[in-house]
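Working notes for the structure below.
We call the chains A, B, C, D and E, going by the order they appear; numbering starts again at 1 in every chain.
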Amino acid sequence: MQLGKVIGTVVASRKEDVLEGMKFLVVKNCDFDGKPTGATVVAVDAVGAGVDEVVLYASGSSARLTRLTENRPVDATIMAIVDLVEVDGAGRYRKVG
Amino acid sequence: MQLGKVIGTVVASRKEDVLEGMKFLVVKNCDFDGKPTGATVVAVDAVGAGVDEVVLYASGSSARLTRLTENRPVDATIMAIVDLVEVDGAGRYRKVG
Amino acid sequence: MQLGKVIGTVVASRKEDVLEGMKFLVVKNCDFDGKPTGATVVAVDAVGAGVDEVVLYASGSSARLTRLTENRPVDATIMAIVDLVEVDGAGRYRKVG
Amino acid sequence: MQLGKVIGTVVASRKEDVLEGMKFLVVKNCDFDGKPTGATVVAVDAVGAGVDEVVLYASGSSARLTRLTENRPVDATIMAIVDLVEVDGAGRYRKVG
Amino acid sequence: MQLGKVIGTVVASRKEDVLEGMKFLVVKNCDFDGKPTGATVVAVDAVGAGVDEVVLYASGSSARLTRLTENRPVDATIMAIVDLVEVDGAGRYRKVG
């Protein structure tokens, strides 16, 4: 999985029928402090994530192994919202609230 | 998925039989404003996309989960046409017309 | 899929039995004019492609969805020979003959 | 597989139900001496690995072929703890203890 | 597939049970002359390859389609030992002996 920050949304009215009702989020890979610094992907949200949250997303066929995305043409899915990242013994990103 | 702009087409008369009738589009990854700036892929079109449109495409095995591409040797499929990209609270690319 | 130019061949006498009889081609990703400029992959040929031809190849599990490569340990397969690439309204690579 | 060093952990209380109880480790690709120098991934631990250990992890659909991760939306799994790396005839990384 | 040179081995005593008895080889992507110049991967050997040999390896789910690696958490497998690489009409790497 990759650590990423949700920074936006994509609206697409014309799409494969089986994608109806899915939320497409723009996710940018982030560093251990949650600062977006890397590649960008558009991921389907399976856990109720929102803009500004730090998340884990799975890519490839694994992105289809949630109830929402099963058998759908989806290659990136947010499957967890991150509370805490700890690296080299020190707390780094910590979810607020 | 990746955000990309359709910039061209590929014609290939000699191909696997099961690919007959598919439209191959040249897609270049684009930024949030729809400006093509990244890597290029040739994707099969599953939603009636055309040149100059900004689209979402899925890669890998997920590219085969549309009616058109099921069980076909296809690793990139356009599965949505983008209407709007919103990042950091601001509208960026917006489909015209 | 990626657009690539066939630039060579690989001979391997000791290999998995199920690969017997397959042709391994060296393919280099090319630009819209068919000039090889990018990454190199060794792909199995499913359509009778030869050296110097511009082709489309599929990667990953999709590379196994041709009659020849089904259930084989193959991760890149040439599934089309390109006749014409058109980008931004202008013809670029065009197959000769 | 990639050779990586476990450098941290990720805590995520809100996640897909089927991920309950999994340990998410931050793994950084390392050189032959075990020094972390490359890309970072968050992997599920299938073998009891801990921080500071050098491990092998599998990516993609192969990451789901452990008892723990079967059919889960997981795209990176630690499936071995490395004892010794030998390159060009010389011992490089060696697990202590 | 990628062309790589076997440059070392990895020993891992603690691992998923189904990996018991597999040989893990350090493979570095090589140029057409067999000189290792690129990315490194740890691959399972399915064809009796040894250190210093130039090989083809498959990645992803295709790496599991050998008798040895079937249904195993393995994402890179050596499936052929290279005898000859020919590029632009000239012989380049040639296996000795």
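Note that a residue touches a chain if its C-beta (ideal position, glycine included) is under 8 Å from a C-beta of that chain, and two chains touch if they have at least 3 such contacts.
Every value quoted in this text rests on a predicted model; they were computed, and no experiment measured them.
Trainee: With centres defined as the mean C-alpha position, give me the chain A-chain C separation in Å.
Mentor: Between these chains, centre-to-centre, one finds 33 Å.
Trainee: Based only on mean CA positions, could you tell me how far chain A sits from chain B in angstrom?
Mentor: Computed from C-alpha means, the inter-chain centre distance equals 20 Å.
Trainee: Could you tell me which residues belong to chain D and also touch two or more other chains?
Mentor: Chain D, residues with two or more chain partners: 60-61, 63-64.
Trainee: So with touch defined the way it is at the top, what topology do the chains form here? Options are line, ring, star, complete, other.
Mentor: ring
Trainee: With touching defined as stated, please give the ring order of all chains, chain D first and chain E second.
Mentor: From chain D, continuing first to chain E, the chains appear as D, E, C, B, A.
Trainee: Once bound in the complex, which stretches of chain E touch chain C?
Mentor: Going through chain E, the ones touching chain C are 1-3, 32, 46-48, 56, 58-66, 77, 79-89, 92.
Trainee: Touching chain E in the complex: which residues of chain C?
Mentor: Listed in rising order, the residues are 7-16, 18-19, 24, 26, 40-43, 51, 60-61, 63-64, 71-76.
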